[in-house]
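Input: structures, listed below.
Both of the next two complexes hold chain A, though its partner changes from chain B to chain C.
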Partner chain A sequence: MNNHEVSRTTRLSTAAMIVLAGILIVMAAAPWWAGRADLRLFGEIFLYLSLASLWNLLAGYAGLVSVGQQAYVGFGGYVLFALTMLAGISPLAALPIVMVLGGLIAVPVAALLFRLRGAYFAIGTWVMAEVFRLSAAQITVMGGGSGTSLPASIVKSMADGRSAREALAYWLALGVAVLVLGTVYLFLRSRQGVALMALRDNELAAKSLGIDIWRSKFVVYVVTGALTTLVGALIFMQKLRISPDAAFSTNDWTAFVIFIVVIGGIGTVEGPIIGTLVYFALRETLADLGSVYLIALGAVAILIMLKAPRGLWGLIRGTRGIELFPLSRRVRATTNKDT
Partner chain B sequence: MDWINATIQGTLLGGLYALFAAGLSLIFGIMRLVNIAHGDLIVLSAYLALTVTMAIGVHPFLALVFVVPAMAVLGYALQRTVLNRTMGDDLLPPLLVTFGFSVIIQNALQIGYTADPQKLKAGAIETASLSIGPITVGVLPLLVFIAAIVVIGALQWMFYKTALGRAFRATSDLQDIAQLMGLNRAHVFGLAMGLSLAVTALAGVFLGIRTSFDPAAGGSRLIFGFEAVIIGGLGNIWGTLAGGVILGVAQTLGAKLNPGFQVLAGHIVFLLILAVRPRGLFPRMD
Partner chain C sequence: MTPILELRGLQKAFGAVTVADSQSWALAPGEALGVLGPNGAGKTSMFNLVTGTLPADGGQILLNGRDIMPWPAARRCRAGIARSFQVPQPFGGMTIFENTFVAATQGARLSGSAAEDLCLDVLNRTSLLPKANVLAGGLTLLERKRLELARAMCAQPSVILLDEIAGGLTEHECKSLIETIMGLRETGVSIVWIEHVVHALLAVVDRLLVIDFGKKIAEGEPEAIMQSPEVREIYLGIEADV
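And then the complex of A and B:
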């Protein structure tokens, strides 16, 4: 007689998790085997991977298309600098505070911007990012429009010597990428995550099953805001210098991130990972082209949106629906010999 | 007196913002499309006008004879070849595709014209002014304001009194039924985008005469236009003019307090109105 079992994991996903764990161990040891420039590049990859996964959670799962996440990146950088320079808190101790403040500021922002629907929400987030940028330029203790650098004493207090400091910055970047991917994955597997995907697939049906649309989206927006703020703090901890234009740059913290997610595959956990790898492979080979590189990136994103809206991962995945990070449930027949 | 003067200058500036907004409002009203590249298309128009004035040595106003039709054709072509394929219930494709265009236009302008600020030279009209009692009003800002009123009046008339306007309204109300009644939706959308970019071309030339512009100037133009639409209330095109004026006045009064506050003051007034009247001051549409 046939019985059925419902499970999320597949043989492929278990294998993927084992490979991922292996990669993680190898990457954690990078300070011992990678050169200084490579270490910096890896750190940057992990930070972009985090930004892309967070934007994907927001736009691909919650339907909140934001072109203003640079507000949180810049806010994170500025709060980190302010806490260390003005309040004398050590950079490491400041990180959790920065994250909490990022979540707190996201609450009134969401309350205001959620009044705008769909595409107008997108431009609203941009206005908010501009408000953040223009306000930062008014803060004279932080150098106003020209910005400021982290004093050498604070930089030195982080770790002994330059290589130890660089290793620390790298591990923090790796750590935040694991934190973000883990949070996104566990969130999507949770009750909240299922509600979110139901909303995405059919808002009316989800609503009639009792899902509170506003609350679900609000939670995602605030969590994403807090984590994006943390990533922003790490970005500027690595850069050691901050200015309003760099901190709230639309190109750096939104345009590239959107392209990464669109190229990799929006609305999947795997998409941003693939997109980040493709983006950095392109950047390392073509970045000298400057503007031409950006035009090509924009054109590729448009083509993908028109021809393969599920991105590269959508093409790889095909119609079989394979998942490396198992989110959907599958029914499998099992033969039970006892009965 | 200074404050009254600043208010008047702000009102006139609002005319320019209303022109930024009119094209945005038009395509949102007809096809629920928000064009992220709108600001970059305004700047592109200014560069087109610059090229025409340099190449054949005509006044920027005369360059409009070329720029307006060129942008209209570009709009129609863009809609028919690319944007129509993104139209549907999902708002992500049009948003991301126009975002891609925004980045492409910005960088293409950067390659073609460098990042140096440019300006359209319009001669004596730039500095000409009229004195009404103690108040002096620039002829150019006044002209832009009048142009905004004329454009918005013409759009309103077109919308409610012509066959084209009827086609727009029908498609806006019920796309499928309009298609059944013999309207080609793809063509109607193309015309809407063409008309939107024709207005954009006018806005771009006025922008180029009033202030200097560079390839990265598009983002804030989109934002100003968008703020005017939301302040005025969705679907109300005269409301958009009012929204532009409110934004312009907020900016000039902000700049009077502190030059650094100009743009910030406009954003803050926008956010305040969003908090108090989420549907804008004069809403007509859901």
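And then the complex of A and C:
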């Protein structure tokens, strides 16, 4: 008999899960202990964490370097506004519909973009996002190029009173962050996740071992598209106002997100979490400096790329392969009872 | 009996260079076929054509009597064709165990625990178990070659294509490799083995196929083939291995 077994957890990862559960409970109670401005900031952090984790899955694991995910953020915002304003659906009920529609629109987009590879794919995603932006500017019922605001009656229908509404928006942001991180983590732990990491390492060997590369990437692209659309809906539910330039902003929904993932550590579950914290720490301390803030971000990005090309988590993890969210499968010798 | 794998007039050329010239042969279920030929004869290209990583220009490839020519590489693997690469192609960022786990879950379509058991068993048989947690990117060439074999075995193929896995092994390592492949044969897997280490090949195979310039130039009993003038001419330079 084989006296070995496969283990998927370490003492560190178990401890990390307990700490994470603790943080989650504290953060879920934030509406009772945090001020309004802080609550808003936390909500924004969770939404950026979601965007970063999704982009990381797409680029860091599936090798689909998209610079056009703002297409889905904006699409989510616009569809949410349209469903509530034009179809009279309540914002909460609209959210799952928005997500499904995001997944559906990703199908033809993927079929088109997957004809392109590498840098051409990246440019293709950008062009696609521009198509989305220009199309949104043509919709006159949504205010065309100048955009529109969510009517007060719809805003009031979400919850009674401003503080209850803000708490609701916050919980939704927290909920979507948990949903996204959970989905990404469970997906990467599954057989499909292993297949994804394999094809990232070596496409020739991957297809020779039975991995349908096109299908694997397609699934990731569509799931990422659906969840990014949901995050987009929440972003604009919180902003209460939408315009094509804000909804499909390359800077806000792609450049900052790439910054977060790359400085945190691309291709790791932990990287986007660390990157998000660093990004917001920089933003909150430097935002008053105006454009100097963007220069500082650029300097940080250059410094980290020079000193830690695998990001901050890559630096912390070192060569020992520490994982807070264990994806690897370790073979361990069991105590031998045969002898 | 229907051959497990059959090539009918397989054709492939890169410009003026023909790598498969109307190649036809068949492999019986459970049979082990050795492939000989000088460097550049089209042996590895033939594997690429059979596994679907290289599109053929013409002819037929039949697996259990079914034409698999239109199938992409992944489907051919799932249908039962697995290979090892002459130049190892590991998943460098994954451990040895995870490399085999990919083959077991994707190629063999096994579920989690069944896949784990298969991988541990194969790693044990290929003496890779002590290194199961080592990243494949950091392995020596010999370990990479062994991983190629282990990974192909974990796809649970009905036909396994082995591409020069004995090169560079010590006498002792070669013996244990032969034992591993004999063990594989006993499980009923059909084998096509390209190898320059002729004595290793002769210890295992039932039949030999000789290829040059993409063309089949001889096929038959190993003893008869090794005596034939064509093979002697081709192998004059590397006869020292016999």
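Quick note on the criterion: the second predicted complex is superposed on the first by the 325 of 339 C-alpha atoms of A that agree within 3 Å, B and C clash if a C-alpha of one lies under 4 Å from a C-alpha of the other, contacts with A are read in each partner's own complex, and residues count from 1 in each chain.
We take it that a residue touches a chain if its C-beta (ideal position, glycine included) is under 8 Å from a C-beta of that chain, and two chains touch if they have at least 3 such contacts.
For clarity, every value in this text was computed on a predicted model and none was experimentally measured.
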First, second, both or neither for A:R191, with chain B first and chain C second: second
Chain B versus chain C, judged by how many residues of chain A each one touches: B
Chain B versus chain C as contact partner of A:I213, first or second or both or neither: second
Which superposed partner A:M305 touches (first chain B, second chain C, both, neither): first
Which superposed partner A:I258 touches (first chain B, second chain C, both, neither): first
Contacts of A:A122 with chain B and chain C, given as first, second, both or neither: first
Partner chain in contact with A:T250 - chain B first, chain C second, else both or neither: first
Of chain A, residues touching chain B in the complex: 59, 63, 65, 67, 112, 115-116, 118-120, 122-124, 126-128, 130-131, 134-135, 137-138, 250-251, 255, 258-259, 262, 266, 291-292, 294-295, 297-299, 301-302, 305-306, 309
Interfacial residue positions of chain B with respect to chain A in the complex: 32-34, 36, 82, 85-86, 91-97, 99-104, 107-108, 110-111, 219-220, 222-223, 226-227, 230, 260, 263-264, 267-268, 270-271, 274-275, 278
Of all residues in chain A, those that touch chain C in their complex: 2, 4, 6, 191, 194-195, 197-198, 200-202, 204-213, 328-331
Chain C - residues contacting chain A, complex: 51-53, 72-75, 77-78, 82-83, 85, 89-95, 97-99, 101-103, 105-109, 112, 115-117, 120-121, 123-124, 129, 132-133, 151, 155
